[in-house]
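Quick heads-up: structures coming right below.
Presented sequentially are two complexes of chain A, the first with chain B as partner and the second with chain C.
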Partner chain A sequence: MISKHLKSALLGVAMLGVAATGQAQNEQFIPMAGYWVGPFAAGGSGIYGGFIDYLNMINARDGGVNGVKLTYEKCEHEYNNARGVECYERLKKKGPTGASVFHTLSTGITYSILDKATADKIPLITIGYGRTDTSDGRVFPYVFPLVTNYWSQNTAKIKFIGSREGGMDKLKGKKIVNIYHDSAYGKETIPVLDAQAKTYGFTVTHIPVPTPGNEQGAQWLQVRQIKPDWVILRGWGVMNPTALKAAAKVGFPRDHIVGVWWSGAEEDTIPAGDAAKGYIAAGFNVAGANFPVVQEIKKAVYAKGKGEMEDQARIGSIYYNRGVVHGIITVEAIRTAQAKYGNKPLTPEQVRWGIENLNITEARLKDLGAAGFMQALKVSCADHEGGGAVKFQQWDGKQWKVITDWIQPDKQLVRGMIEASAAAYAKEKNITPRDCSKEG
Partner chain B sequence: MNWQFFVEVLVSGLLAGIMYSLVALGFVLIYKASGVFNFAQGAMVFFAALTFVSLVERGMNFWIAVVVTLAVMVVVGIAIERLVLRPLVNQPQITLFMATIGLTFVLEGLAQLLWGSQPHGLELGIPDVPIQWLADNANINISQFDVFAGLIAGALVAGLAVFFQTTRIGRALRAVADDHQAALAVGIPLRQIWAIVWAVAGFVALVAGLMWGARNGVQFALTFIALKALPVLILGGFESVAGAIVGGLIIGASEKLAEVYLGPYVGGGIESWFPYVLALAFLLIRPEGLFGERRIERV
Partner chain C sequence: MLYREAGQFKTTYAADQQVFPIRQDRIAVAALLVVAFVGVPLFANQYWLSAILTPFLILALATLGLNILTGYAGQLSLGTAAFMAVGAFMAYNFALRLPWMPILVSFMLAGLCAAAVGIVFGLPSLRIKGFYLAVATLACQFFVLWALQRVGWFTNDSASGVITAQKMVILGYTFESPADKYMLTLCVVAVLAVLAKNMLRSETGRKFMAVRDMDIAAEVIGIRMMQTKLLAFGISSFYCGVAGALYAYAYLGTVEPEAFNLDLSFRILFMVIIGGVGSILGSFMGAAFIVLLPIFLNTVAGPIEHLLGITLPSGLMSNLELIVFGALIIFFLIVEPHGLARLWQIGKEKLRLWPFPH
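Coming up: the complex of A and B.
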């Protein structure tokens, strides 16, 4: 009798195991390598909060992507390169088909695993960060600096400054100071700014700020001496509020400081208090919790007592919404790949194809509840950026207000520089660029 | 040479140096009393500032929040003495130093666990803007807040000097600092003294946290300001309150002058490592620092 019960129980457990395995086989695994603690936790927790909430909303509302459940696992790297590489190695083979894509949320880590990911044939998505010349998909088939890269953003910034001055021709003779984080990320835009200075006849002075940037007295005294017309702020973390406070200290007007999107979140302005009022920053997504996509997350996730954000006031913030953009793009890439390979868990190589053939139109954005939330995106074999436009927003003391429509980059200049840089990389690494006319 | 600009850079550096001194003071206090180099001082600054600002944001009155945070820091100080230092009495100093490294991670994690990882603004009511009179009459920009910070640091040093020189506990602290065994032999309660000194270091951490938090916002990066205090300590001496102030002034002024006048020739961004080079050079000449006690050992 006991034996019969034991057999039944064992059979039951075995059946459960088979069912669980069957269920597990219908999953698409997405690694979440980021930072929830440490100096940059505000950015990491906000972005991955929005990203994970979006995936959970798709699972809860739609039952996954065409029936394939989205799964994820977090890995804390604290924005540390060595730990980022460790996260990559730990997570790349998880899930039934391995890591679908890999997001690092760090330019440094992207540089560190770029060759590894290419060798492992795992696509890297670097939205708004990473190595700019990876936009040339012929040389970097597995890297996607989607939406807009740093060089595009900088040319849009100069266009914005030009519009404020009354036209691009009015830039001649103007003085711009580029205050940058003294790191690979900070230095990324020096070449494009120099090129634009030559084109438009303005002078640009590059002033580095040693990491972490919690003391900038010397840099802003130099700004005071140079007396620039505009300052470009390329900061990260504590460097941003410190810069705004230091600008106030030397009396530089905040409405003539234009920040990169990593200097343009609530976390950058609130700690600076009144010193941040009037400050302008670029962005590839906007703030606000009233977008239908954010409301859907609230309904499908938070209304059921779940959700990543402990502080729900952060839902709809710049970083949170940027995470939702990460979610939309990742899910739409999987959906695109499913249309070709079938509604099943896909290999990283298949997802790579999905990213490369991604076409998120305005109509699709409307369907997703994200019209005006982000720009339309069309990726191709040659163009791994897909968008390039930037909106500018201004801090009014309480919230970010969008002050421009999408401003297009100087595509001719940026593309030329990207191709030249990618060609140099290809030569150095002995890579034969793909012939995109032969890609299906 | 634009002398007006030179003066501006120099004064700005001196005032920045005062801010470093505020952090260095916490290190000095604990080193004086126990010979422990407290690596966790930066984490204590972060913990204190985050606790204070979180209480204020939850509606607590400013001064009540100061008192409550001070109480929390005293409890933290006593807990450190009980749970970390007491079990390690008579262990080599390197063991105690390693324990404070572990303590750093515990405090950083605990602060974020309790209050979250979001940066916060902190207003002390002193605007961080130039003194208008100086700007108008001498075209020199000196921040009101930096001057205020200088006065606070001065008051803190004066207070600590009086505490060390004139009070019974202060004299006991100095005795413990000179020789643990001898202090114990004459009946000074070593454990009680250590608890007091950690509590006082907690108070100094709160003051430093408030000043730095008002300057840059209260966020995790406050822990990094400890790195700014290290060259100050090397230069000024690990055991001297006055040394922390003088060291801070020298480091602050020299790093700013170096950044502005040498930086452009070497690519800029040198103020993070220049103070360490200066401190290293100083070590070669006077290993015990400007005000440190010269040790003579029989070999």
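Coming up: the complex of A and C.
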């Protein structure tokens, strides 16, 4: 008799437990492997600030994505490859269904976990960084260098320089210097620049700056000797303000320096002071806190005394808004996957399908309050990049002013190089590329 | 009481000269090996195997390499990461260009290449000592990375300068899973550690220590300076080179030269200093301390925050970890400047007398 009571009681407790875990399990886990210390902390804290704030806004305002709450856990990797791998291993199994997607915010770490993530079937989203040839989704089904990759950006940059010179044919005989961060990230654009130099007849000189790049006297003396028409700045972190100051010292006009998007944030120009005035940089998102999506975050998160940013003045900065772009893309990918697999926590494999079939239209951007904030995006099995266009903006001494519309890349050239590079990788690794006509 | 050698009589020279003369030590080491070789692969999960234990073993091997040079032969070096880089990139090139060669042979040859580089950069040690030598080896650190980044041959003309490790196949078996990679690393590390232990007890090791303790006296009693110092550099770099190859193949998979930067050299030097200068056990302890502590701090930070019910700004949290890490290093160096290995030794001596200290 007693045992019967005990049994039913136990059963009840067990059921309660199941119900409780069922409740707690309605969550989608997103790992946040980033860096809040070190020479690149400005980028890491800004982007993850915007990213996490956006997720919290979705949780607070909508109660998650279709009722599935978004959870996250931070892991500090200090932009260090070994620590990044540790973060990946630590976070990949967390949450009820494992890591939905993985962001690294480091090209080097992306390289290190690319094979691991593919083996674990966890999608890797690298927005505006990472390995360019992963845009070929047939060879890299689990890697998504979304929005725009380095090669696209670089061809758009040459187009921009061409338009400033008065036409692409005017590029002939011009001299361009490519000052780059001496790392896998910095070297990514060398082949595409060389290819374009051949097409348009300009000469390009590549000058490396050893990491972290807080000493560039020699490099800029070399620039002064070459007397280039344009300088492309491919820097990161502390290297950027140093470059601008060094350019001012040798008297190179700042409005003829064009930076990559990792060289074009407030954190890159403000420390350089007046030396930064007139400097131009590419960007796939714009600055500003007046966009409805940023206002929503302020209303749903900061108004309640929460939020990631200690310094609320940084809300609406380039890095912060880039983090919001990360958030929008991740959440929309999960939403897309939910439309197919149901409104429940999804496995990484299902989220991968969502990213591959992501289609963020202009109308959708408007709904999200992000019209003009970022470009429309359509990902497909073959094309894991999606957009490709960039806007150029100029630092006027106080803020970034957008000076062009979206400039499209030279898709033909870039795609050809991506396919060749991906095919070489597939051959080296013995990968049979997917047949995209069979993907549903 | 348990740890007492009374009653253990040695009746042969072999028994007197064995690596672990005390029976309890032998049992403990055997148990440790059983745990490492059998228990860990059976019970550890993927995270522990691939993110904690494998890098720990690899860095312990590199620390052991530096310890042979710095701890036993007394030559300070800041080029450890460069020797590791040579090992990693040469192993890649051997596997790429001579694909028929067994991967372990590639590792060994890569180690030999690192040894050759080590001997070349060890030449200044014949004239300069101490901190000045450290500065000279610093040149090696920068030169090697510069060469790896500039000469396309090393990376097989990869545009971004990274290498992707090939699959490790031994006798038709592919080492792919974390447990496989852990076992391979463990075997290499165990064999090399035993070899190091025996070498350091031999004539070579005694020569190293004589040079370390007083090089003029060593020279007077007939130890050849050039041979001994360069041998120390060679052997040390060999260990570092093999560790570098493992770092690329068994841990990271894809590496850029920047992964072997000065920061790594310093960290390995700290492992030697914290673990114990001139101690093989210390190499492992130091590696464990430096590898595991930051991860541990990072892992417990979240729950502690949760427990106290406070949310600290993320930047502050990350910085706090570094502060605690630094403070612990200072604490250990004040409490025991000879490192964790010395603490362990003191513990053992106390244990021998326990519970009746006289």
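Methods note: the second predicted complex is superposed on the first by the 420 of 440 C-alpha atoms of A that agree within 3 Å, B and C clash if a C-alpha of one lies under 4 Å from a C-alpha of the other, contacts with A are read in each partner's own complex, and residues count from 1 in each chain.
By definition in this document, a residue touches a chain if its C-beta (ideal position, glycine included) is under 8 Å from a C-beta of that chain, and two chains touch if they have at least 3 such contacts.
Given the structure is predicted, the values throughout are model-derived calculations rather than measurements.
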First, second, both or neither for A:A41, with chain B first and chain C second: both
Partner chain in contact with A:E73 - chain B first, chain C second, else both or neither: second
Which of chain B and chain C A:P241 touches, first, second, both or neither: first
Partner chain in contact with A:L114 - chain B first, chain C second, else both or neither: second
Touching partner for A:G251 - first (chain B), second (chain C), both, neither: first
Touching partner for A:E308 - first (chain B), second (chain C), both, neither: second
Partner chain in contact with A:T211 - chain B first, chain C second, else both or neither: both
Partner chain in contact with A:N81 - chain B first, chain C second, else both or neither: second
Partner chain(s) touched by A:G397 [first = chain B, second = chain C, both, neither]: neither
Overlapping contact positions on chain A, where the chain C interface meets the chain B interface: 36-37, 41, 45, 182, 208, 211, 310
Residues on chain B engaged by chain A in the complex (per definition of touch): 2, 5, 8-9, 12-13, 16, 108-109, 112, 116-123, 127-130, 135, 141, 143, 145-146, 212, 215-225, 228, 255-256, 259-260, 263, 267-273
Residues of chain C that touch chain A when the two form their complex: 46-47, 50-52, 55, 149, 159-162, 164, 251-256, 258-259, 261, 263, 294-295, 298-299, 302, 311, 313-315, 317-319, 321-322
Of all residues in chain A, those that touch chain B in their complex: 36-42, 45, 182, 206-212, 214-215, 217-219, 221-222, 224-225, 237-238, 241-242, 245, 248-251, 267, 270-275, 310-311, 314
Touching residues (chain side chain A, partner chain C) in the complex: 35-37, 41, 45, 48-49, 73-76, 78, 80-83, 85-86, 88-90, 93, 107-108, 111-116, 131, 182-185, 187-188, 190-191, 208, 211, 306, 308, 310, 421, 428-429
